[in-house]
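Notes follow once the structure below has been shown.
Per-chain numbering from 1; labels A, B, C and D assigned in written order.
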Amino acid sequence: MTNLAKAKSYKSDIKPIWCPGCGDFAVLSALTKAFAFLDLAKQDLAVISGIGCSSRLPAYFSSYGFHGIHGRALPIASGLKLARPELTVIASGGDGDGFSIGGNHFIHACRRNLDMTYIVMDNEVYGMTKGQASPTTQPDWASSKLTPHGTGVRPFQPAAIALASGASFIARAFSGDPNGMTKLIIAAIQHPGFSFIQVLSPCPTFRPEQKLWKHQVEAFPHEPTDDPVKAATRLYTDDGMSSGLIFQSNYPTWNKPEVAQTSVKQFEEEFVV
Amino acid sequence: MTNLAKAKSYKSDIKPIWCPGCGDFAVLSALTKAFAFLDLAKQDLAVISGIGCSSRLPAYFSSYGFHGIHGRALPIASGLKLARPELTVIASGGDGDGFSIGGNHFIHACRRNLDMTYIVMDNEVYGMTKGQASPTTQPDWASSKLTPHGTGVRPFQPAAIALASGASFIARAFSGDPNGMTKLIIAAIQHPGFSFIQVLSPCPTFRPEQKLWKHQVEAFPHEPTDDPVKAATRLYTDDGMSSGLIFQSNYPTWNKPEVAQTSVKQFEEEFVV
Amino acid sequence: MSTQNCTHSIAITGSGGSGAITVGNMLLQQAAKNSLYGFMRRSVGPQIRGGESAALLRLSDQPVFCPDDRFDLLIAFDWRNADRFALEIPLDSQSLIITDPASGEIPEVIQQSGAKIIEVPLKKMASAVSGGRINMVAVGLLTALLKMPAEVATDIISSTLVKKGEEAIKSSLDCFETGFNYELPGKLPCPQLMAAEPGIRWNISGNEAAGLGALQGGVRFVAAYPITPATEVLEWLSPRIEKIGGTLLQAEDELASINMAIGASFGGTVSMTSTSGPGLSLMSEGIGLAVASEIPLIVVNVTRGGPSTGIPTKSEQSDLNIALNGLHGDAPHLVLAPQNITDCIDTTRWAVQLAEALQTPAIVLTDQFQGQSRCITPVPESPDLAMARKVAQPEKDKVFERYAITESGISPMAIPGTADCSYTADGLEHKPSGQPSSIATDHHDQLDKRQRKLDLFEFGEKWADIHGDGQLAIITWGSSTAAVLEAAQRLKFTGQTVKVISIRLLAPAQVDSLEKELIGVNRLLVVEQSHSRQFYHYLRAHYTLPDKVNVFAEPGPLAITPGTITHAVQLLKGELS
Amino acid sequence: MSTQNCTHSIAITGSGGSGAITVGNMLLQQAAKNSLYGFMRRSVGPQIRGGESAALLRLSDQPVFCPDDRFDLLIAFDWRNADRFALEIPLDSQSLIITDPASGEIPEVIQQSGAKIIEVPLKKMASAVSGGRINMVAVGLLTALLKMPAEVATDIISSTLVKKGEEAIKSSLDCFETGFNYELPGKLPCPQLMAAEPGIRWNISGNEAAGLGALQGGVRFVAAYPITPATEVLEWLSPRIEKIGGTLLQAEDELASINMAIGASFGGTVSMTSTSGPGLSLMSEGIGLAVASEIPLIVVNVTRGGPSTGIPTKSEQSDLNIALNGLHGDAPHLVLAPQNITDCIDTTRWAVQLAEALQTPAIVLTDQFQGQSRCITPVPESPDLAMARKVAQPEKDKVFERYAITESGISPMAIPGTADCSYTADGLEHKPSGQPSSIATDHHDQLDKRQRKLDLFEFGEKWADIHGDGQLAIITWGSSTAAVLEAAQRLKFTGQTVKVISIRLLAPAQVDSLEKELIGVNRLLVVEQSHSRQFYHYLRAHYTLPDKVNVFAEPGPLAITPGTITHAVQLLKGELS
């Protein structure tokens, strides 16, 4: 089996509902390539998401998946990983799902550092509900009726928040650079701990101007660092349009404590007066 | 009226339920002093909170107040401020309320930059529910039955998160230094935009070791900055035990757009075919 | 409505970009201009863009608020994913299908209907015009088929396309003409619609109507989070509320939006939020806080198919349970339901007034079927005046007690800025002053008071709409009402009388009023759009019903139509005789 | 239980740090060791620490699960905030009050009772012992008063204080002796308790019991967020579950905890969470997802006073509405309620088994009254075996369909790691494969299936507990059951028979089973602890009840006592005759 054929074997036969040109197609395909490269067994792989265009992702794989509720991809994925540490767990979704309604789980998942990968397809818009501003939308974007003068609010900085929250692997990918993205996904899955990848994934339908991203995104001019101060400095001076691995560190991951095992019967004895 | 008598006039006659020695007493009194200094009219002042020991605060003032639900102090305060911009709005609560269940509102309130003040009484524990770990608890604190081996998770960094979220005023106060705290509160209320003060406020009941804080807390060795890179650098190298104003910047606050006014009748006309 | 409706039901389908919806909208406008009425639903596939969509239109000489049981005409621009529509467009041997042979074979599910097929070379006709589009050809065809004047149609085309420029208008008009002049080998299986009384008509959707009712009621603060099918309520409100001094804010989530509305209302500003099932679930805790702290606000819930994420684009009446009983603790509040698109104005306005008067949250239960459909209606009656919030002022020698025990159950509510009335609102149980208390007597006093204010309030006649009379009554609520009323009208036409009771005020239950209406009724048919018979169980829980009760409960996503109800009634009558 | 209970009710009160609760706990243990039974509630003031607290104890020669109507004895270490307790400790002229004249005057509310006052110089007696504490003097006094052997008491003191060191034990024993030998000028107004059948006794709280039942049922994953009065469920589980291979995680909030439980259960691990009203509200959306995606899990809800934050430390049965009807859409699920402290074990275990068998969430409705009280009981019967989840394996030549339409309504559920059975779980409506669908037939098929699996399941005898017989029946649920059963026993003693039906399985409603039990019943008394008669409305909604139904519905925070129920029955009987 060539690698490409193998990658394809991770796809289900459900046709994506995505619009032509949607950046999410590239994410789907990069993930299958990464799975193929890592030679993951389908049945030991689970892709979890919330709700949104991007969150439709799981059904397009032939692995296990969970298309959950809006904003809760990370708790569902965390529960699964805690219960079944041997599985490869990928959480996924959109910028609205992950940073707006799901923002709290994002910061706490970064802290908790379970060994899983979180991929946010960031199109700076709510695609599924037909084009409202998301936390990453520029303040002057006025094309949504809900924010006719723009949001007036400075955008959410996913990588900087992840860093401040204590994430141990922070990267930015671009769906216009599928090979780069595949490499980052491989590294993320291999990283022991919580790996966060913000994927710049254009929404040609509600943000046609994002077609220009292919001229704007450039590789991060730095090597990845494990120094949060350095990473912060870079992130606070970055325009949010550079891709690559930003930060990687060997923070301890959350682990089940090692304790001597007993039985429920033993606990019953404790009630005897 | 002496300043102290005036400060006292902001207190209600309800006796706090707090334990003797609780750090929150000092916060209550520093707030009244700040109100007196700023000569705020009681009726134009509203103190909003969530649920927790610290969140009992509002009823202890003679101003308006709202003791809401767990984690939602900021949305309630934001709604009030949006509807009644002329009021002075103080949101308040604990580290559990603000950083655990309320974490999402915290990061979005920082971004939104409404002109209000948020005071978190951080005792690194859930006091009200009798002593569980909070996001700011050290990973090796093992005195809660819910985390008998400690949380194993690196603590939430309130100031760093606030900075990454785009807060425009970030300070850390200590309830063992009531004068310093009063000054910071005055500056926070005066600051046009969202002002965040993390108050190190010991819980002698569930964290008796915090009695040592008075020997540990020191003034920040730097002048406040308006440069996020500088602030980040300092925060990532700080031990979380220094007090003072860390960051202040003149980010734009969320404002009602100026638009020509009309009447509901006009909107009805739009439906005419 | 005393005579049988004369209506035409027309479905226009096509895959994304084919402009089927535009055709529907233009016909709807023509109806209005030609002194007719109309109703239009949209049905879309799961694709965000480029998927199939259908305009499901019904034109009539009387106001209509629901689809018919069948379609007279289907005009299909292509047959892609037609199976996804088939159930929504019932055709029979009387129906016509207009299709272009160039779009391939007609799918089996459609052919089965036995409808008469008329082949029209739509593509060819359109491509004969430079920049021509088949949907404009269709407008022409349909205008002619419906015997509506060409001038009205061309005016509408020109004004609709004004932003697209001269050239687009020109080619559209040319297409229109081609269609209009095409000799169709067939005609509609029903008489021509005769213009009804002339006069100004509105073209409005239920979501817009709910927005308008809210503003009429006095709403000046909205915080909300987008969700299908409620987003249009917000989209309508957002650019408008700021023009009357109000604010709409897109919040980070529903927890934020409900609590922001609470904060704003605490501040004295009439407040609302709007959402659908999943969002309503997230708001439960906040709504409970509003009950306990006695903060007025309204939640417009545009119900979609459930449970969970369910079917976001389709309708159902299955959020009744959560609206009535979804709060923890004993938490009396208001639940209201508009009965059709225009009633979304009145019921929402009334909900605001009640919430304000009673200092408690009101949930307005509308749904996708009402919310996202449009209708042509006469100009609605002028609204009542907005009921102003009773705001407390300090009284001499009296300490202000926010939660004072009063006879009416309504306590004085002061708003920030009022001197000598300051208080702390609380969701913890409290004394009359607001101070937290866990003492039994305080708890009982406040529970009694919060219940009493709802029990004693005079809600007047609007609690339900009652139509007709008879020993057989149909009881229903919300958007099912339109089909029930039309069924009753049809039955009347065949000499059978039924009484229709449609409840607008679902909570608090108006026990005496309903039981009075049930005097003389010996058979009851309950009609609702849910699987688990939520309305029926609600009725049983609160009212004494006649001995014989039948239930017509169908979940979404298909609309309830008049014929299914007349059929259910016939069955009952058969059983009776 | 065939004879009238012989019980002693004793209240021990004092402000923070006085050790009143310790006294209660020690007496409870003595009861167990002396072959008696007992029940103890705690009541605490709003202060976090240093506030007043009371141990409300009842000792008996039979298992007891509720307080009596009155107290035989109040021993008060001081009178601070006594008014906050007054309503919880009903005294009468038969009662004794033991107090130290040094703690000041007895408050008016207490004196009013007419109870006999015995002054004992508690402080003086304690201070005569180096390091002496009055609560240990009280243990001595009470042990003597109750005629319980000193050796048992001193053993308990020694073992309880073992961590405090030799000196503490010594001074406590000295205090005990002083108290034990004190000549009290009065005795208890009831006969001495005679030891019941000897045997091993358990000392357990309802929250511990629920934790134990969960583990017995197979729970191996818990995610939760602390909340009064549910936290002890988690505190009991946390250090234990890890010792049997499981995990408990304190989540960032309730939204996270319910969804983590869903994720873990999807992974094949039996999962639960525990919360109280405000948390349950926040979990609604997640529970709905579990319904739609057919994920088993249990939610142990320890109800407290509502609405909103309400009265966190006190009990109520007012989360019934939200548990039954708090989900949006048509969302059939399980609701169960334990009937007393030990039944928390069995009902929780059964809930786990049912949830697993039926692939749906089960809400276990317990409350503060059960959860935070302790009782002395015989060793509960050995549990059924944990029902194992039916996990699907690939079948030859068959494509795995997670949501296949089956006759039983139960679809095959595979868990990750199983080859050739992979699927995507979905809260969107779906086809049997799991693929999202908005087509009517798919929606109806899945709605039918999710309902059918509950309708067809054989729940067996445990759906309710039925006691006695008679034309008058009392129907109740959950923690109200104990008082009702004791009332029935008292009535029987006076020759009056009533039938008691206590429903354990609240949803799905067991219509046939209940209606069968109601044959021959012509008068029904509904007993529940809520203000808005939630249980009564639920019964009306789902069951055909006798014509004459009376309702005894009282909100918290005061416990429902047997006497209030016998009184209600007397009133009914009076009316009847």
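Points to keep in mind about this one:
The rule we apply is simple: a residue touches a chain if its C-beta (ideal position, glycine included) is under 8 Å from a C-beta of that chain, and two chains touch if they have at least 3 such contacts.
Owing to the predicted nature of the structure, the values given are computational and were not obtained by experimental measurement.
A centroid comparison over C-alpha atoms places C as the chain most distant from chain B. Here A-D and A-C are compared, and the pair linked by more C-beta contacts is A-D.
In whole angstrom, the spacing between the mean C-alpha positions of chain B and chain C is 42. Centre-to-centre separation between chain A and chain B, using Cα means, comes to 31 Å. Averaging Cα coordinates per chain places chain A and chain C 37 Å apart. Multi-chain contact residues of chain D, defined as those touching 2 or more other chains: 46, 252-253, 255, 278, 285, 289, 293, 308-309, 426-428, 436. Annotation for chain A: residues touching 2 or more other chains are 69, 71, 100-101, 103-104, 108, 135, 257. Residues 45-46, 84, 87, 255, 277-278, 280-282, 284-285, 288-289, 291-293, 303, 305-314, 316, 318-319, 321-322, 324-332, 426-429, 436, 438-441, 443-444, 447-448, 451, 530-532, 534, 537-538, 540-542, 555-558 of chain D are the ones touching chain C in the complex. Listing the residues of chain B that touch chain D in their complex gives 17-20, 51, 53, 69-71, 100-101, 103, 126-130, 132-133, 135, 145-148, 151, 205. Note for the complex: chain D touches chain A at residues 29, 32-33, 200-204, 208, 212, 215-216, 220-221, 223, 240, 242-245, 247, 249, 251-253, 255-269, 271, 285-286, 289, 293, 376, 379, 416-428, 434-436. Residues 12, 14, 41-48, 56, 58-59, 61-69, 71-72, 74-84, 86-87, 104-105, 108, 256-257, 259-264, 266-268, 271-273 of chain B are the ones touching chain C in the complex.
On the chain A side of its complex with chain B, the touching residues are 100-104, 107-108, 111-113, 135, 149, 152-157, 160-161, 163-166, 228-229, 232-233, 236-237, 251-252, 254-255, 257.
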